[in-house]
C-alpha cells in the first residue's frame, strides 16, 4: 500500500538541467533516504516549469511550494524542515511566492496566475518518462475517442471548428491544412512534426517535448487517423538531446502499450512514428526544407506549389504541423472546439506560448490566452524591466519579426494584429529591449543570424541579406551614408518580394520595422555618428571627466600613448589615436574615465 | 490536356492546364529571363530571375515553378517585376568577378547577356567584392571557378537528375554556400565521371572546358549537328567550329540523348586535328611505308586486284568493313567486293 | 534493341546482364538509373560489381560464362511458381512445352552452384522480372562473346517471351551495340552471308535482285568467310588480298599471336584509316581517311535509328571520306557508280534494302528514323514484334547450359574476362590520342580480388606476368573488391599490353563470335 | 492498446499515484509535524491517514503537514478543512485517525469524541 504523501517535482528541462537539476535530484534521493522518508515522499523529474530565470526549480506537493534557484546545499534543509517537519522553507521560495508572511502555492504566483495552460498543462506536473502519468491526466483518451467514435472528416471538422492556427509562424488555419491533406490522393500519406525550433531564444517546442512528449505523439496519431496516414516523422534537432531522449522513451512506451502500432484500440487504424534528427539548420524549420531533410537531402526549400499537402515527403501528401500546434489537438478533441474558441480571440483562438527574454524580470516560458495585451505580458507576467530602466521596444517573431514600441503596448497579441503592426507571431520569441539597446544593433543582430542561417539557395536571401548586413555594419561603424537607409529599404522590399521561402521573405523585417519605428536612431548613427544607447563601439569615445585627479595612472597603461596631461592636472585623450581598448577606464582609481 | 484561359500583360491566352507560367509565356511569345531553369530539370526556383506578378499573390512568384490557374492574371514586365529582377542581377553581379574581358564564356554567358539587357552598371555598386580564389582544376577536362559561380544549382541538379551520379553538391550555408563535391573532395576524387553535362548546363563561366583553342564565341563559324562516333547509343552532338577546327562540343537537348553526353562524346574530339593523322597515302617500298600520290596508290591497288583476281579468283579476296564507318561506306565496300570482285568474303568486327 | 532508348525510363523492371552499361553505354546507363529513380526494379548479373549493381534490388555476381545457367534457373522459378504469361505463350509462341521440359530438369540450386550465387537471390531476381508489368532485358557482349553465345541469346529470348515482355512498350530484348555503327554495318551487308537488309546471298532471288540493281552478273551465292576464318585463310594461304576499311584487328581480335601470323602471310594488305594503327603498320598500302567530323553520311544506332553524320571541318591533308576512296577504286576497276554524294548512296540503299526503304536525308534531317521503315510515308518502328513476331510465332528453343570452351585447371587457375573502361573506346585509336582521356587511364591493368591477390602475395599496382595457353603479357594489378575471387578482368584498349594476346579464339559455331569473356590464365609474380 | 476500457483502467490506477499533485482538493487534512508532534507520535498518525486515504481512493482529499499548531500538550493533532470549516482532532493515534477518515471524511459525520471541543469540555 502506498504511503506517498508528498511529491517533490524537480524540473528536468534543458534550462534547469544545465543549472544543475540532476545533482539536485540525486541529493534529494539521498536526503530523503537519510530521513527515512523514502516510502512517503516521491521525487519526480518533470518538464519545464517555464520560469527558467528562477531555475533550478523544485515544487513540493501537496502544498505547491515553489522553490527557486535551488542549490545542492539547500536540499538537506528542505528535506528536514519541509518534508520531515512540515515547515516550508520561506527564504528559499521564489520571491513572488511569498507575500509578506503568506505563502502562495505555485498556481497563485503572479507569473502563473495570468497564464492559461493548455499546451503546457502537463509540463511541470507529470513525469514525462512515465506514460501512466500522462494517461492519469487523460492521456490517449482523445486518440481512443477519435479512432473508435469519430470519422476522419469529423476529426478534421472539429479541428476546423476550433479555429486553431499553425503555431509555427504564419498562422495558417490548421483544420484547412488537415482537410487539404485528407482530400489529397496518394499511394501513401505522411504526418510530420516540425520540432526543428530554430529562432534564437525560442524553446517552447523543446519544453513541450521535454515535459509532455506524449501529447505530441498522441496528436500525431490523431492526425494520422484523420488524414489517412499510417506513418509519421518527428523532425527534431540533434541539439535537443534531452527532448530527443524523452521522445524516444515516450515513443518506446507508446509502442509497448500499443497506442502506437498496429490496430490501435482494436480498429483498422495502424500508425508508426519515426524520429528524424536534424542538424540544426534554421532553414529546416521551413516546411519544404524540412521535408528535403527528412528525405535525406540537404535542407533547402523547394518551390511551392506543389504544397506538402499534395506532394510532401517522398512526393506523397504530407501533413506538417509544429510541436505546439500538435500539443493543442488532444485538448480540442477532449474539451471540444467550443471550449477552445472560448479562449483567446475570435480570429486567434486558444493560447500561445512565448519565450520571454531580454530586459525583463521573469524570463522564461509563458502561455497566455490570445488577445492579452503586450503590457500584461511584459509587466504583469514578466514583472517589468529590471533595474528601473525604461522600456524601449519588444521584439516578437524572432529573426522574422519586428520591433514594437511603447505605442503598441496596449495592443492585443493576435496573429493579425502583430502582422498589421509590422511584426509577426513567429514561433513565439518575445524579447524585451530597454534604453540600453541600440535598435540598429538589434536589427544587425537578427540579420547576422539570418545571413548565417540562409540556406544559400535563392539569390535574394543569400546575397541580399548579406549586403543588408554589410550596410548595417557600415552604419554601426560610423561610416554610413544617408542613402544607405534607402538602399536598405530597397533591398528589404525586393528580398521580401522575391525570396523562395519564408526565411528570406521575412528576413528583412527586423530592419524594416526598426527603420520605421526608430528611424531617428539610424539617422543619428549616420549623421551625428552617435549611438545613444552606447552600444556601437565605433561610435563611442573614451573621455576623461572632471573627476580626474591627475594621478597619471592612465597614461602608464595606455598602449598607444594617447593620454596626455601633467600630474595633478586633468588629463586629455587624443581621440584620433585612441583605440578604445578600455585599459585606462579599468585603471582609473576614481572612475573619471567613461565610454560614451 | 484541357485548355484554360489566363491573361499575360493584359492579353488573354489559352494554354494547357498543366503548363507553368513560364511555359505559357514562352509559347505565346512573352520573354521571361531565367538562369536556373532547364526544361529537363525539376524547377528549383533558386535564381529568382523568372519572377512575375500574379494578381492576388502576396509576393512575386517564380514562373518556372508555378502552374497556371484558370483566370490567372500575370504581369511579366511591371515595374515591380523589373525592379526585382534588376536587384537580383545586381546582387549576382556583385558577387561575380570582373574578368569578362578574358573569360572564354564571354559571348555565350547568360549572366553577361542579362546584365547587359538590364543595364547593370558593372562598376558602380555599393558592395564589397569578395573572392574565394578557389579554382578546382583537378578534372582532366574542365575547371570550376568559384568566383564565377552564381549558385543556380543547375550543375548539381543535372548531375543528380540527368546523370544519376550526384557528384556535385552545395556546401556551406548563407553567403558561404558554394558548389562542392561530397565531403568537400576535389572534383577528381569525387564520383564524377567527367560526362561534362554540368559544363553544358552552366550559365556562366564557372564550369568551363579546359581548352587550348583560342576563339571568341561571336567568332564561331558554325555549329554542326552530328552523331557521336563512339558507342552505339548514337548521341546527337553539335560540333562547334572555328577556323576549320572543332573547338567545342555541345549537346542539343532535343535529341535521343536529351542533351546528355559521356566523357568521350563531350571531350573525346581532340584526336580530330592531331598532327599524326594520316594525310597522304602510304605505300610500302623496301619494307617501309612512304608517302605517295593518290593516283600511285590507286593504280597499285587496281593492278594488284586485277592480278590477284586473275591468279587466285574472287575468293582469295577478303574485306573487313567497319562498324566505325557510315552506312553508305559499308554499303559501297560490300558492293565493291560482292559486285566487282564477286566474293562474299566481307565481314566486320560486329562481334567485338 | 527490340525497343527504344526512350522507353527505358518508363519501364517497371530492368534485367541487366552482361553489360557494364554506365561505362560502355554511359548515356543509356543514365536512363537506367533514371528508371530506378522513377521506381523501376533493377536486377544486375555480372561477374564484376559494376556501378549499376549499387542501384540493384538484386545483384548476382555470377561466374563468367554462366549466363545460361542463371537464365534457366530463373525460368525454372518462373515456371514452378506459375509466374509466366500463359495467354501470351498460347497465342504468340510455339515450342513452349519442349523448352519447359528442359528448364524443369535444371534445378535452381544447380544453377546457383554453377553461377556461384545464392539460390534465393536467383528466386528474387526471377520474381522481380516476372512480376513486373513491363520488364526489359538489356545485355551486351557479356552474353554474346561466349563460345556458345547464340545459345545465350536464345536463352534470353526464351525468358523474354516466357513473361510476355517481347513486343510491348518499355519491355523487349535489348542488346546494347558497342560501336557507333555496328548496327548499320550489319544492316548494310558487311556480313559474309547476307546482302544489305539481311537478304541471304544463298537465295537465288536475292542474287538476281542485286545483279539487276547493280547491273552486274555472276554474284557469288556462296557464304563468305568470317573474320576468324579470313585469318585462318591468311595462314593457310587461301586468302591473298585483304582490304581493311577502318578496323584494327591487330588489337581487337582474339589470340593476337595467331592474327599476327596471318598478317605476315597475306599477299597484299590495304588499310584505310585515320591514324597509322597497329594494323595499318602491317599494310602494303595505307589510305588516309576522313573521320566522322569530316564527312557526310549516316550511322544506325543500337535502337535501329538512322541518324545523320555531317561534315563540320575539312579532312587533313589529302585524306578522303572512305566512301570516296572505295568509289574511286571501283571506278579504277571499271565500275561506275554515279555516286556524287553520300546522299546518292543512301538513295540506292533505300532501293535495295527493305528496312531502309523509307529513309531519305530529308526525312532524317532533324530526328532520325528507326527501321523497319519500308516506305517514304512509314513513321519508323519504335519497338519490334508488336502484336506478332517478325517471323510469325515466337519460337522457344530449349537451351542447355554448357561449360565455357576453356575452363580453369591447376595451372591456368584464374578466369580472365575482358571489357572496356569509361574513358577509352575499343582499340584506343581515337581515345588514347585525346590527352585528358589518356591521362585518366593511361595504361592497362588487371583487376583482381583482395583474396586472390593475397593468395599470390601481390601488392596493389604490382607488375605481374599474366599468361594463357596462347600468350603472355606483363601488366600492373589493381586490387578491388568489385571482382569475384578467382576471376580477373582486363580492358582490351591497350596495344602494348593487349589482353587479346591471352584470349581464346574459340568460336560460337553459328556466329563465329570469339569467347572474349572467358579464358583460363595464370598470374605470376615477377 | 485494445480498448477504451483498458485505457480507463490504466488511468484509474495511475491517477492514485499522482493525485497528490492536484492542489484544488475539497478536503485538506493538516497534521502538526513539529518536533512536539513528532515526539508525541504524529508520524504514525500521518502515515495512517495517507494510507487510509489512498486505500479508499479519496482523490479529493489532501493530506499535508504543518509545523506546530500551538497546543503542544494535545499532540498529535490534525485539522480537517472542508467547505471553509475546520475541525480539530487531538490526542490522535493511528487507529483513531483511521476512524476519523471512515466516519468524517467518507460519511460526513464528525467524530465529536476526538475533537478539541470534546476534549476541552
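For reference, chains read A, B, C and D in written order, and residue numbers begin at 1 within each chain.
To be clear about the criterion, a contact is a pair of C-beta atoms (placed from the backbone, for glycine too) under 8 Å apart; a residue touches a chain by one contact, two chains touch by 3 or more.
Predicted model only: the values in this text are computed from it and were never measured.
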| item | value |
| --- | --- |
| Shared interface partners, meaning chains that touch chain A and chain C | B |
| Closest chain to the centre of mass proxy, which here is the mean CA position | B |
| Chain pair showing more contacts of the two, A-B and B-C | B-C |
| Approximate Å spacing (C-alpha centroids) for the pair chain A, chain B | 50 |
| Inter-chain centre distance, chain C versus chain D - centres from mean C-alpha coordinates, in Å | 94 |
| Separation of mean Cα positions, chain D and chain B [Å, integer] | 87 |
| Interchain centroid distance [CA atoms averaged], chain B/chain C, Å | 28 |
| Touch-based graph of the chains, sorted into line, ring, star, complete or other | line |
| Chain pairs in mutual contact under the definition given at the outset | A-B, A-D, B-C |
| Residues on chain A engaged by chain D in the complex (per definition of touch) | 1-7, 9, 40, 42, 61-64, 84-87, 105-107, 125-126, 132-133, 135-141, 144-145, 148, 257-259, 264-266 |
| Footprint of chain A on chain D - complex, ascending | 1-4, 7, 10-11, 13-18, 20-21, 23, 25, 31-35, 38, 46-47, 50-51, 54-55, 62-67 |
| Interface residues, chain B side, partner chain C - complex | 140-141, 162-164, 193-195, 210, 222, 224-236, 239, 241, 244-246, 254-257, 260-265, 267-274, 276-284, 289, 294, 297-302, 304-306, 308, 312, 314-340, 342-352 |
| Chain B contact footprint on chain A (complex, rising order) | 281, 283, 298, 300, 302-303, 305, 451-460, 462-467, 470-471, 484, 487, 490-491, 494, 496-500, 505 |
| Touching residues on chain B, where the partner in the complex is chain A | 43-48, 51, 59-60, 62, 64-67, 80, 83-84, 87-88, 91-92, 94-95, 126-128, 150-151, 153, 169-170, 172-177 |
